[in-house]
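Take a look at the structures listed below.
You will see two complexes here that share subunit A, one where it goes with subunit B and one where it goes with subunit C.
Here is the complex of A and B:
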């Protein structure tokens, strides 16, 4: 039995009601999307078939949901049990992020009523680069549900089931580490398939999976810091800074590896000059790199790493860096040919914000009703 | 083999090379192999006895015959006339009057059960068929009489196939196709107004070569020619799928060669091989839709001469339901709108703001902790 407890307290705080409003607006536009088609809501077009519903909800959303994956590697692969108190909250965030990434893929699908074809071998399209990601993400959502199930089972007091699940849980944890490794690297490999539409500063025929996986892991660890810090600020929880600063140390290693691979690839392929000569793309590249370097600088200093405030800023910068990296590669510097342009419409953004609001609301409801977080000892 | 064709060169006045090219082309339009083309060439070069053809004309404009006469290079009509023994054809007969009618009767008696009957034009049936008479006999009687001992019957053109323009409402003469006045007989229908001569030639060649008729659909049209909708092979189909339509004659879409569906094109409900075979052997999209006019469905019973020219076709194949998103070219998609930028900025600002508040709270709790 874990020491996590439901936080309790009122659910309908002013913040929660504000989230409900955002969610309701998002649902309105989602209704329009299903009544009148994607074209009525989204600005996607023949040149930009992927708008923010794919690039944010799926590509970035699942990377932001890598907290459970990153912690699972640390705890179970490297046997660092001390991080266990962070695990449930991270798993919950992962489950929500992935489930809503799946929803994002569904609403972006032209023939959404054939969604289930993904699961039926006779309908599978083995020529699609998305098949592996689709299957992998769908399976991982199931695995996450099973991994998170103990919190629910503890709440309803199903001790027998809990014991049985405990015996096989290691299997699901192992699969839960394998699957994100597969699809997070594949999400990067999408860029390979897009060839010359991707700006040379973001295109790499060999390193995409590595870059995607390293940034996803960095984002996963950062979201653990972010979510723990925010929860602490919001719910006045136990101080977990000592654990979080150790995670910060892991990020330093991963981030260094990422920057070495990223710049190594650029230099080896003679693309260094493009960093300064690509106009708008140069600005975006430099901004993105700055966002990657800020957490590296903050987290390398032990003093700053142990300060919860600067630690949070490092995590926020890292999350923006990883997101901007994906936005840059998939949308902002993407060039499908002359004449095409894309910027998400209000409706498109509101659908995504509505989904995020739903994530936040579900998180709040579940941590208040299920044993996820650790209550302060003096309370 | 070479020797076989030498006599043919003399007989038909075409070079061996041109003749084999012609046969290969005919075989190709039937979907047959090169060896079948050689079989066809041999069937023409060494005819056991040239098959007799009796050609009747009813209510019509002689369009099918005109179309056939223009079918190929100048050698073609000679080829078709010499390849078969055309013993009765009102437009082409050099004789006239009772003499021709007598020749026809003799020929039909002599070749009973062996001749090929071609019917061109509709057959009036009202009031005993008195609205079309040849040599004092109604077309109805002519047709029934000639069909009695025919080896095969081909209805050439929409009028002969199902009545054509004559059968259009109110149909004062009770015009009908050959098929409906010849119950119990198999009539091969080659509809079209005018029909494509190659569909006729290919059917005849098939009959000459193999002694059988090509595979027919449920309306007795040869499948090789009428097995598919015009819509399926139309060169403008990609525009249909992408939602790009000409909306009136001479508008921008029309000039750009967009789909003519909204101008009433009946391609989506008309079975014919027009887009594949085209007309007049000059290529370059020489067929109605190719030159910018909507198909009016001449080859389809119940469409041509029946539906208004500019009414929307009933799309027989897959029609996208309304809830499908449009897939039109959206190159003019509006870029960033002020509203969208504001919402996006507000979202990013909210995250940074929340982080700032949390960071301040964490910082103050940190300092209060250390003060305690």
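Here is the complex of A and C:
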């Protein structure tokens, strides 16, 4: 049995009500999308078939939801049981991030009423990266529900079920490590088929899955640090810096590996000069690289790693780095040829913000009503 | 602290295994079907009358695109869910001379190229894009499509277009007049755009014959007289003689680009000037599939990984005795 407890307290705080307003505005535009078509809300077009609903809600959103995945690797593969106190909150954030990524994909689907074709063998195309991502993400959402179920079962006091689930949970944890490894790498593989539309600084034939996976892991560990720091501030919880700073050390290893592969690929393929000669893309590349290097510099220093505030800054920079990497590759440097441009509309942005607001609200409600976080001992 | 040694060992082994199988399993470009049909668009013959645009709309029951007060002509500027075929104009400087790169102009047709190794077919998760193994015609099947629009990103020519303005939209693309209910090719006919083309700029026929014809034209010189066929190259309705006003640019677009296309283009000016994409010979579909099938062949790698993961998680969880 875990030592996590429901936090209790008022749900309808001013912040929560503000989130509800954002959510309501998002729902209005979503209604317009379903009544009048995607084009009535979003600015996507013939050259830019994917806008922020795919690139933020799905590609970046699920990477930001890799906290549960990253911690599961640490706890169960590297046998670091001391991270357990962080696990439930990370799982909950992962579940919400992935579930809403699924919702985002559904909203964006032009023929959503046929989405179940993805699951019908007669329709499946096994050459398609999209098939792998679709099925894998859908399955992972179910696995996350099962992994998070103990929190709910503890709350309702279903001891028998809890015990039964605990016996088979190892299998779901294992699947829960395999699936994100598969689809997070595949989210990078998407780029291969888009060929020349992807700027050479972000295109790579064989390294896409590795780059996507390494950055997703870095983002997963960083979101654990971010969420723990935010929860501590918001709900007056115990200080977990001793655990978080060790996570910072893991990020250093992953981030180094990422930068070696990223720059290795660029140098081996003779693209180094493009870093300085690609105009707007050069600026984006250098900004992105700086955001990756900042956490590396901060987290390499033991003193800075143990300081909650610099540690948080490192995590935030890493989250922006991974997000910008994805925005750059899929949208900001994406070039389908002359005559096309894309910038998200207000409605499009509001739908995405509405989804994020819903995610935040659900997180707040669940940590207040279910045993997710560890309450301070002095309370 | 992480057990770095075992992590590195696993990571190295995994990467090595992936690299070895990558080399072994590379999927080459698909080859053209010997009986493939296609079209040859000769930019030097095109007079920009847009009869093909209008015939295409009629065949596909699509409305003309109107800009401003011009109701005389369909003024579609580019492909859209209402326009599956469009004639575009290149112009430079004073734009006085036809088919001249400097101070000239030229026409260019945009429609589905019916790739030999189509990206749209490769990336579609639900097999809604299909390539006929015999004719090579790439068709779209809305009854299967989920509207994810990956085909649009996976098409080097931005051909598939989604009906964004419909609540229940669909993907539209040229299906070489052979979609269900039209089936001009299956019935022994030709595409509507080739049929109405007054100059034979759009020529229908077997890919092999069209490619031979294109290469024959490459050997002609400015001033030569050539007898150009109209309609279907295997049984032309008529011919017209014309003196070459400009040398052909020595390049048959679609012979090799990204695995080749069944709709090929020739022109007097380079194709990048006409807005063709920067493609190399290898298809993106072959690269993407090589990657996917290396990682997921028979689901062997994931199965081995899952076995290892299950063992490790079980061991560590039992030791832990918690959650």
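In this text, the second predicted complex is superposed on the first by the 376 of 379 C-alpha atoms of A that agree within 3 Å, B and C clash if a C-alpha of one lies under 4 Å from a C-alpha of the other, contacts with A are read in each partner's own complex, and residues count from 1 in each chain.
To be clear about the criterion, a residue touches a chain if its C-beta (ideal position, glycine included) is under 8 Å from a C-beta of that chain, and two chains touch if they have at least 3 such contacts.
Not measured: the values here are computed from a predicted model.
Peer 1: Between subunit B and subunit C, positioned on subunit A by superposition, is the outcome a clash or a fit?
Peer 2: Here subunit B and subunit C cannot both sit on subunit A without a clash.
Peer 1: Spot which of subunit B and subunit C makes contact with more residues of subunit A, would you?
Peer 2: Counting contacted residues of subunit A, the larger count belongs to C.
Peer 1: Pick one for A:233: touches subunit B only (first), subunit C only (second), both, or neither.
Peer 2: first
Peer 1: Is A:259 contacted by the first partner subunit B, the second partner subunit C, both or neither?
Peer 2: A:259 sits against neither subunit B nor subunit C.
Peer 1: Once the structures are superposed on A, label A:134 by its partner contacts, choosing first (subunit B), second (subunit C), both or neither.
Peer 2: Once the two structures are laid over each other on A, A:134 reaches subunit C alone.
Peer 1: Please indicate which partner A:181 is in contact with in the superposed arrangement: first for subunit B, second for subunit C, both, or neither.
Peer 2: After superposing on A, A:181 lies in contact with subunit C but is clear of subunit B.
Peer 1: What is the contact status of A:158 with respect to subunit B (first) and subunit C (second): first, second, both, or neither?
Peer 2: Once the two structures are laid over each other on A, A:158 reaches no partner at all.
Peer 1: Name the contact category of A:38: first (subunit B only), second (subunit C only), both, or neither.
Peer 2: both
Peer 1: Identify the partner contact of A:47: answer first if only subunit B is touched, second if only subunit C is, both if each is, neither if none is.
Peer 2: Both partners, subunit B and subunit C.
Peer 1: Taking the superposition as given, does A:20 touch the first partner, subunit B, the second, subunit C, both, or neither?
Peer 2: The answer is neither, since A:20 touches no partner chain.
Peer 1: Applying the touch criterion given at the start, work out whether A:170 contacts subunit B, subunit C, both or neither, answering first, second, both or neither.
Peer 2: It touches subunit C, and subunit B stays clear.
Peer 1: Flag for me the stretch of subunit C that overlaps subunit B after superposition; candidates: 21-29, 75-83, 111-119 or 309-317.
Peer 2: 75-83
Peer 1: Residues on subunit A in contact with subunit B in one complex and with subunit C in the other?
Peer 2: Shared contact residues on subunit A (touching subunit B in one complex, subunit C in the other): 34-40, 45-47, 110, 339-340.
Peer 1: Given the complex with subunit C, which residues does subunit A contribute to the contact?
Peer 2: Listed in rising order, the residues are 2, 34-40, 42, 44-47, 49-50, 74-81, 84, 87, 105, 108-115, 117-118, 120, 123-132, 134, 150, 166, 169-171, 173-175, 177-178, 181-182, 185-186, 189-190, 192-197, 205-206, 208-210, 246, 249-250, 253, 336-340.
Peer 1: Any idea which subunit C residues touch subunit A in the complex?
Peer 2: Against subunit A, subunit C makes touches at 1-4, 7, 15, 22, 77-80, 119, 122-128, 142-150, 152-154, 156, 158, 161-171, 258, 275, 277-279, 284-285, 287-289, 291-293, 295-296, 302, 305-306, 309-310, 312-314, 316-317, 319-320, 322-323.
Peer 1: Within their complex, state which residues of subunit A touch subunit B.
Peer 2: Per the touch definition, subunit A meets subunit B at residues 34-40, 43, 45-47, 110, 226, 229-230, 232-234, 239, 307-310, 312-313, 316, 339-346, 348-350, 353.
Peer 1: Quick check: in the complex, which residue numbers of subunit B touch subunit A?
Peer 2: 322-331, 333-337, 339-341, 343-344, 347, 351-352, 354-355, 357-363, 365-366, 369
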